[in-house]
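Let me begin by handing over the structure; questions about it come next.
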Amino acid sequence: MTKNLYKPDLMEVVEVQRQTPDVKSVRVRFRDGGRARDFSFRVGQFGQFSLFGSGEATFNICSSSNWRDYIEFCFRRTGRVTETLWQIDKGDTIGFRGPYGNGYPMEAWEGRNLIFIGGGIAMPPIRCAVWYALENRAKYGDITIVYGARTVADLTYADELDEWSKRERVRVVRCVDPGGETPEWKGEIGLIPAVLERAEVPAENAIALVIGPPIMIKYTLPVLDRMGIKEEDVYTSLENRMKCGVGKCGRCNAGPVYVCKDGPVFTMKQLRSIPNDF
Amino acid sequence: MSAVLSVAGLAELVAGWIGQGKLVAAPVQVGDRLLYQTLATAGQAVFDARRRPANSIKEFFFPRHEPIFHYRLEGKEIALSDVVPEEREQIIFAAKPCDAAALPILDHVFNWDFEDGFYTARRARTTVVTLACAAHDEACFCTSVGAGPEDEAGSDAMLFDVGDGKFEVRAITEKGQALFPTASTEPRRSGSGPAAEKKFDPDRVARYLEANFESPLWNPLTLTCLGCGACAYTCPTCHCFDIVDEGNAAGGARVKNWDSCQFPFFTLHASGHNPRAAQPQRQRQRLFHKFSIYPRKFNAVLCTGCGNCERNCPVGLGVLKVLEAIDGEQRRLDDKEPVQA
Amino acid sequence: MSQQLRQTARRLLSEGKVQVVIGYAAEGRPALITKSEDADKLEWNDRCQANLAVYLTRKEVKALGKAAIVVKGCDERALVVLEKESQIERAALYVIGMACDGVGAPKCERCQVHLPRFADEMIGEAGESAAPAEGPNGLDRLMAKSSAERWAFWTGEFARCVKCYACRQVCPLCYCERCIADKNRPVVIDTSATPKGNFAWHITRAFHLAARCVGCGECTRACPAGIPLGLLNQSLAQATEAHFGYRPGMDPTAEPVFGAWSPADKEDFIG
């Protein structure tokens, strides 16, 4: 038989970091050194991560594709697999299949200003692109990151947001929902669409990557439109439920696309031609 | 061996294959149902050109439950081991052409880009012998999706009921010839019954679907659906599956199980969002997958017109009634007549 | 009877007394009639096997508004249980009872409720009803076998189960928002259609329906693999009647076995 498509690589957990009260990030590396050397991926791709006995779950690979020592993913404690993942520790073994999906068109974005807009657990799939752009700084223009969560404690990668904000031609706009602020909070208070509108981000020659709950995306799109960003320059990454990740199991198809194979990254223009089934 | 065989001759052949250690599956009478099953004895096989089994042959290529690897846990150590592959040759015998026709359709999804070795290995070691249909019922609509009672797609050899308990054999592929060395390979029109009249046009249906994801028709047409998987699980082409782990702290297996888009939790996101929260949306998805998504992706309608969905539906729904309705609706739109409410 | 049924439905819909009539259309297929002009689609014949009470707990059907439902005597028992379990409000429902001579299902051979007893409106005459057949039924024949034979029987039957859950979906009393078979924290029942997963599913389901199942036989009718699932429920119904003298859905004033406790309850049933 040809290679077993569904058999994962074994990965050693090298670091687990608690990002928020219910989100952790995990760094893993291939147990098989040869596989580690051969492995490559594009930022924006995803993998099927698994705990044996609990099952598989789909997560974006949120590390930069330039990093060779480990890959990273991030999860919210919410279901059967993530409940068990919450317990893992350095030295544990998990399974990984991937990389899957199309990833971000980082080459096509060269020479453009980048606007990243994310809500809550959407920071990880943005983070990989931010780091990639910073590591190829000369190829990209201004970088703006608008990131919000319900409360201050729910902001993931808070330390990296600080680090990015110190870089040249990088602007980080942080926000929390009204009531989610602390007395020390220096960022914005409000919902992402409103904060984005207030932020007066220059939109010339910009592409926008918007990831978050459907409701956030829905209200952000008109703002981007008012800013003058065309829908073919607005990207998102869909979060359809998936099982196989390789275009077979039938969960993520919509219109002519299989989100796991043809996506998860689409422009809003592409999405407009696909039935609203995600 | 003559190319015309009696029922006894067919049974003798089957007995011979079983004796050689081959797996032979054929229609078997189980209570009031005719069901494809792997035979224990040749005598179980039913050679009836007028009746359709209530299940499909997809199970012999894409089983309802399939371990994909085993895992063993010892402390922090984890060992994965492959499943020992079944290597016996398999013969599907006296299957319906509308079952065999599903195989070339399914080949696309299991082989595009990534190859599912479990499926392709079974395809490679299986020979499919069909029995041309001599009758159809109200639920049949193979001719509407480009197939027919003697359609060769997916068959390696085909039997024709020529009356008096005799069956003529025609070999279609090399595999079929290997099973029946003396059989004719010439095309043959046979004693098959009249083909069902065309009940809708899949292209017209596709045009409607692509323009009417939201339509006031979906609710009234599909609201009686109770949301079981009887249609999907007896469909020759439905192939959705789940991947789950089964076992305990010491070990177990990761398995691939049939799944159905009609179940409410099928598309439930981790966030709690469910793009298909209501049953009519799930019915719509099944139609879209078969008549729009799959054709646009693989240039093949994901349906062979076998009618199992309607026959097995506890509320008599199936796809045909809905397809006829939307075909009629699109025809009205094409004629530019006022659309009836 | 079809004519009379259509008139009733037309009247109820046009007067606005109900927004939907849950009935049968051609070939006995369930139909949800929401417009009075569609009342002519309703049919009554011996193919009207489905127990339409299953629709009363569906959110998509509830959203249609106040309902009238066409029931046979056997189906009506499900309404009694649904009301006992606070799943429906009987007063908000208009029940159209059909005198039934049987719809050709195995369950009909022992039917004792040819006439609905609590309908708001009856269609058909009492005299049309047939007397129950004598002699052993399917359950009697199964129970006459040895325990080993019965085990072999169910092993063979469950081997064909593909876990399509048609048995659950057609059952008017399987109304759980999230069935135990769909729960995965922890997994109680293997989702696999293996001997283990199938036994776990069917036995669990039978026990969840013990002292509740009204014997409508929909599970048997719906099973695409032809597994006579209703026999499991009938067996438990027989035990319930023997131990507690309780028949679900027969007497609206009777306390449900699992809804009431009495010092007179026999401990041997529990032990």
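By letter and in written order, the chains are A, B and C; residue numbering begins at 1 in each of them.
Following the convention adopted for this analysis, a contact is a pair of C-beta atoms (placed from the backbone, for glycine too) under 8 Å apart; a residue touches a chain by one contact, two chains touch by 3 or more.
Quick caveat, the model's predicted, so the values are computed rather than measured.
Engineer: Hey, which pair has more contacts between C-betas, B-C or A-C?
Structural biologist: B-C
Engineer: If I average the CA coordinates per chain, which chain comes out farthest from chain C?
Structural biologist: A
Engineer: Could you put a whole-Å number on the gap between the CA centroids of chain A and chain B?
Structural biologist: 38
Engineer: Distance-wise, how many Å sit between the C-alpha centres of chain B and chain C, to the nearest whole number?
Structural biologist: Chain centroid spacing, chain B to chain C, equals 31 Å.
Engineer: What is the distance, in whole Å, between the centres of chain A and chain C, each centre taken as the mean of its C-alpha atoms?
Structural biologist: Each chain's C-alpha centroid was found; their separation is 48 Å.
Engineer: Would you please write down the residue numbers of chain A that are in contact with two or more other chains?
Structural biologist: 79, in rising order.
Engineer: Counting only residues that touch at least two other chains, what does the list for chain B look like?
Structural biologist: Correct list: 242, 244.
Engineer: Residues touching two or more other chains, restricted to chain C: which are they?
Structural biologist: 187
Engineer: Any idea which chain B residues touch chain A in the complex?
Structural biologist: Touch list, chain B to chain A: 68-69, 71, 73, 76-78, 80, 82, 85, 109-110, 112-118, 120-121, 213, 239-245, 247-249, 252, 254, 256, 259, 261, 266-271, 273, 275-276, 281, 285, 288-289, 292-293, 296-297.
Engineer: Using the touch definition up top, name the residues of chain C that touch chain A in the complex.
Structural biologist: Residue list for chain C touching chain A: 184-185, 187.
Engineer: Looking at the complex, which residues from chain A come into contact with chain B?
Structural biologist: Where chain A meets chain B, its residues are 1-8, 10, 50, 52-57, 76, 78-79, 82, 91-93, 213-214, 239-241, 243-244, 246-251, 253-256, 258, 261, 275-278.
Engineer: Give the list of chain A residues in touch with chain C in this complex.
Structural biologist: 79-80, 83
Engineer: Provide the residue numbers of chain B that touch chain C in the complex, in ascending order.
Structural biologist: 30-33, 35, 54-55, 64-65, 219-220, 223-224, 226-230, 232-234, 242, 244, 246, 255, 257-258, 260, 263, 265, 278-280, 312, 314-317
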